[in-house]
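By letter and in written order, the chains are A, B, C, D and E; residue numbering begins at 1 in each of them.
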Amino acid sequence: MAGNSNLSIRDLRAGYGNLDILNGVDLDVPAGQFVALMGPNGAGKSTLLKTLYGMTTIKQGSIDWRGKNIAGCKSRAILGEGISFVPQGRCNFPVMSVDENLQMAAYTLRDAKVKADRDYVYDLFPILKKRRATLAGNMSGGEQQLLEVAMAVLQRPKVLLVDEPSVGLSPAAIGIVFDELLRLHADGMTILLVEQNTKKAMEVAERAVILRLGKVIWDGLPKDITHDELGELFLTGKMRGETEAVH
Amino acid sequence: MTSHLPLLEIKNLSKSYGAVKAVDDVSIHIDRGEIAGLIGPNGSGKSTFFDCSTGLAKPDAGTVVLDGQDITGWSLNRIAREGRMLRSFQKTVTFKSLDVEENLVIAGQMFTFPSIASTFGLGKMSRQRIDGLRERARDLIKMAGLWDVRHQPAGNLSGGQQKLIQFASMLMPEPKLILLDEPMAGINPKIIERVVDTILYANKSLGVSFLVIEHNIDVVTSICQRVIVLDQGAKLVEGLPGDIIQDQRVREAYLGG
Amino acid sequence: MSLTETAQQARRRDLRIPLAAVLVVLALAAPFIGSRYITHSLIIALIFMLPAHGLNLLVGYTGLLSLAQAAFFGIGAYTAGLLAVTYGTPFYVNLIAAGAVSGALALPLGIPALRLRSTSFVMCTLGFVIIGQAIAKNWISLTRGDMGLSSIPKPYFELGPLSFTVSGTTNFYYLALIIGTLATFAVWAIVRSPAGRNMVAIRENETLAESLGVPTWHYKLIVFMISAVFAGVGGCLYAYYLTVVSPLTFQMYYSTTMLIIVLGGGAGMISGTVFGSLLFVGLTEALRITPELRMIAYGVSLLVLVFWFKKGCAPLINRFWNAIGGAK
Amino acid sequence: MLSTIVEQSVNGIVTGSVYAIVAVGMTMIFGVLRAINFAHGEYYMLGTFGAWFAIDYLGLSYEASIVVGVLATIAVAYVVGQLVMRRMVGAPAESGVLATLGIALILQNTIILVFGGGYKFFAGGYIEPVSILGFSLAQQRILILVVCLLVFIGLELMVSYTRLGMAMRAVSQNVECCSVVGIDVPQVVLRTFMLGAALAALSGVLTAPVNVSVYGGMGELITFKTLPIIIMGGLGNVRGTFVAAMILGVAESLVATYVGLQFRDTVGFATLILMLMWRPHGLFSTQARF
Amino acid sequence: ADGTIKLGLVAPMSGPNARYGAFSMHGAELAVKDINDAGGIDGMKIELLNADSQGTPVEGVSAARRLIDQDGVDFIIGDVSSSVTLAIQPVAEDAEVLLLNAASSNPKITYQAGVGGFKWTYRNYPTDENRALIVAKYAAEQRGFTKFAVLSVDSDYGRSAITFTKKYLPDFKGEILSEDYYKEGEVDFRSVLAKIRDNGAQAIIMYGLADTTPIIARQMIELGIAGKVALIGNGEFNTEKTIKSAPSALEGAVEAAAWLPQFDSPESKAFVEKFTAAYNEAPNNHAYVHWDTVNLLAAAIKQAGSADKVKVRDALSKIKYKSPVGEVTFDDHNQARLPMILLQIENGKPSIKGAYAADIQYPAN
């Protein structure tokens, strides 16, 4: 089977309480790959990321990471294994300043590099530096989104699970965020990106995985699929002119 | 005749938070039957502008005139009910433990029941009104592709699905003007097409005007007749979508390169 | 297709109607089935059910956790007691007056309180109880201070030429049952109306409701007043049943009892409040078998409730109700 | 006249110190759990009982009894925290109300069951009065003042600079996000809860010598005294709690002097309501936008 | 006769008022045990059933109802708190069960009993009026006080004692300079005591709670008014524990009570001894009155020659019961004529100044 530093998901069934959302997901992500997860609203993309991060109920299946099954572990333990997560929607500490939020992001890390990293993200997103004393909850939607991406960067993960980072960002900011993702990827980070901005996602990712109704229905290189085909997949689960979904 | 007057006219609106000038002396107008776009970099004051125009926040200065009536200082609900101007929020908010249908029915109640007292009625009339709303809600649910999850509590839906509920809620009553704050954020491209169609339909057939904040430039250029650009709280430019995306200042401040 | 359907329905008979009939009969025949002590306990349950209904409208439907019910309960009790003792007015007049005075006082109290959110509102309403007690103690010319009112006469009716007095535990039970039933229907009507839906919207997300044109402030005030009317009516029954009203009527213990009924029964469900009042009054009475451990056991049962019946008992009741209904 | 006001203000500050130490624990627990701890006064009571037990049964000195009282309370708080409070994370406010009311009933009545319902005398402490600047004050009260200041300086530092302090604030703002950044929420809740209970116990033990009588129901009253304070101070706000406690202490003293002792409890809530009309979110609260 | 006599005790057993219930129960228990150990009343044993009132009217009524209907008691003793007793009265009347009150002092209870209305309520406890008169008279005549400050508990007991004090004080040319009431559980009296220190009162009239007395006394020391201003009224000024807590403040205190541990009669002394042996703590007033009321009931049953409640009630109306403090009889309002004992603390020891009885002037109606 796959090498040691692969993330490999086998027959994963998970959901909320008794409700199963993922109906047998299989996915192998080699170390250092940049994967875009796409699919219609409600397909289970966020659920998949949350499941990887230990925030749902797992009924069946395994998640192997560096030779260890992390299915069923607590989020904290998973973070300790080098996987970090930027959830969809607001996830910051609204009545802490930007500075404190960034401090909290590195809660589990206690070394000298933390401060240097913080200076780095301030350089990356000057708007955050400008607002460093502002309460996170008082910032604009996009500014908060940037803050959350910055918080994940500060955790120096090996695997980054990031859920719709482009939401609410201006085109210019989207550019900066995706460039940063590419840089992290170039440094060897494995990235699982969930995006509705499919155009952008397919530009940056090495591999596209499409989810529908809790199952992987397409898996391949971004260049192998056109935009129209993608739309068709989202709606019907079928490619134009095909009867059976790939994979 | 008031029809030659703009539907919404906002003059010299300003709002500061401490040292941050979130909105700085912005004046805009929306014409009857128009779909206008409001764009600008993150933190340029778009949402704050909405907040100040719709009564959620109190502007430091400026006036808001809707259909010839000065509504500055009105409360959020009064602007919605009496002014018939609705707004959506950038943050995804729904009535979490109510199902999709109920979410929409609540949104629809506002014009159907003219007074508070009338909402306490349980008679035939009241029931018929609610049935009517329910029917309308079902149509919108189909449009948004939420039919399969219509009896789920809204809080259990995915982020994009909740965003769609918000959008559909705006169309439940028939207002004069809808201010949308990033309605397409997190919506999959296929549904975006439908949302766009719905906006155009509401605009053409029902005569609803729109002011839309959106970062999806394709959408903005395809639906908006006019685009207003904010930067650092102030109005940068205003014009036709085609011109705007060519504007050097807009490219620098917003589109990036 | 339709054949099998009817066959299935026949197999799973709808047991709800027979059960409802049994419950109605039980409610009507209760005084003749159990001892007078049981009847008494049922009366207490019915008395507390009234403010609890009001509280349920506030907490369960509108999302406003309030501890002020004991204050309105006390106001109702004093209103009815004072009228009965000083003017000898008939029961129904006092009942209406109790509700009206409580409801009317809820307006000036609600205006400052409802500007507050969540916990601040809770504390403000708790303040009403404490201030209410201070007034009852110190405004001696009106309330007779700590001496309180005693010997409140039996409920007496005067309808044209007809007049009669409700005496004895059994008769009082029927009086309370009638009032309790009417109140339950009133709550039902309120929550089923479009206003009820708006109340729920306020509970779920006030700002969103506001943006959808719900005048949340007015609704909150109205619901606060309605809940006070319920509490006032309950207070009136309390005054008549216990025949004494003292500043002790304004006490936190009553507020928390009402809150426990609503939350334990299941906030936001009418059946929950009805069941909750029976359950918790029943529980405190049943625990009298062990006077020493009584309150400890009561505390433990609250914890059990929190951990095993997170939404109170109402979901259980509903499930049971649906199960016997044969519905899928 | 003036000297009366000054004297009463000093009284008020001493009283405020007692409230402050209890209230700050409650406000921190509120911070992490979003639940009003209706059982908070019971830890004050437990601390006092522990110390009384140490003196009366074990024959220990007052100093040792402080340690016994606080440690015993921490032990109880550990059990309650493990069994109940930890599980309240993310639960709705109503569950918190029910659970803490239940705990209050259990603790209070267990003590009554074990030690009897009657009241006991607390014999210990430094009750001799000393005269400072013309005011006569029991030495114990000076001790309380000093301890109060130390506690608040310590907490202020802890909340702003230590990891636990930061984590406490984080938990109070966004529980889901805490697991994203790797904060062990139940652990933080448990520790905060134990710290809060320990402070309540400390307050109890320190005031026991001047309050003399010890009985099972004493906690309930303290709970209700502290409620308006934590609201006024802005829930979860350490500094605000201190100021609010002092304001309330002084207001109570002045009312007791110039209006009447019977209106004293009313003052707390009346001040609270007046203040909330002026500032609906408390004296020092920070609110994020919608 | 044979069988057992069921006797119900309604008292606050839980919650903040449990401290009263505990003493009441111990007192009653001790009496029942003694009676049963001595072979019962004409061979009938007493079974004591206790029921918790939590000090609230609703719970008190439920407790009484349960005792009557579920347990079938014919005799109830209770409650401590007047509000609760007032609520139980009609219940007892309705069920025709003998309600013997042992510790509530609100005058209304017997205003509306006997010829006043309720035939089944009796009270074996002095009213606030009695007490207020005796204290005021002694303070003025024996101690020469004319300027008073009021500091009483904020309950019907504390308030009504002061109401009656005010009624009688003008007769003794006394005036009240300040009036304060404290909530149960109050611990901070420094403000009020400073006010009293400054207003020149000679004595503090205190009808208060036993456990609050030491707190006030200690704070009197703190403020330097101990020994300068006297405490008068009622609130267990006389127990060893209280005096020890603040000797200088209590020196010269005057107290009127239904009973005092120091009362010099063999029966009373024996009670103190037995109680202390049984419960490891000295009895207080509440313990005594409940103990005594059980004995009173036993005497009435004995006199009636049967446990029939009507007969017992009739016996009670005519009884001449020898209590440890003197003879007890009931007036036409079913109110016991009781001697009230007055004492003063001298050299750290209570010294009894006399026992006074006073007839109640019932309001005409």
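Keep in mind that, in the parts below, a contact is a pair of C-beta atoms (placed from the backbone, for glycine too) under 8 Å apart; a residue touches a chain by one contact, two chains touch by 3 or more.
Everything numeric in this text was worked out from a predicted model, so none of it was measured.
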For subunit A and subunit C, chains touching each: B, D
Chain pair showing more contacts of the two, C-E and D-E: D-E
Relative to subunit D, chain with the most remote C-alpha centre: B
Subunit A-subunit B separation of Cα centroids, rounded to whole Å: 29
Subunit A-subunit E separation of Cα centroids, rounded to whole Å: 74
Subunit B-subunit E separation of Cα centroids, rounded to whole Å: 72
Euclidean distance of C-alpha centroids - subunit A vs subunit D, Å: 44
Sites on subunit A at which at least two other chains make contact: 90, 138
Subunit E, residues touching no fewer than two other chains: 13-15, 154, 181
Contacts with 2+ other chains: residues of subunit B: 56, 89, 91
For the subunit C and subunit D complex, residues of the former touching the latter: 59, 65, 112-113, 115-120, 122-124, 126-127, 130-131, 134, 137-138, 207, 252, 256, 259-260, 263-264, 267, 292-296, 298-303, 305-307, 310
Complex contacts: residues of subunit E adjacent to subunit D: 13-23, 151, 154, 179-192, 194-195, 198, 210-212, 214-215, 218-219, 221-224, 241, 245, 279, 281
Complex contacts: residues of subunit B adjacent to subunit A: 17, 20, 39-48, 90-92, 145, 149, 156-161, 164, 182, 185-191, 193, 215, 217, 253-257
Partner subunit B, residues of subunit A touching it in the complex: 16, 39-43, 45-46, 88-90, 127, 131, 134, 138-143, 145-146, 164, 167-176, 196, 198, 227, 230-231, 234-235
Complex contact set, residues of subunit B against subunit C: 54, 56, 75-78, 80-81, 86-89, 93-98, 102, 105-107, 109-113, 116, 118-122, 126, 129-130, 169, 173
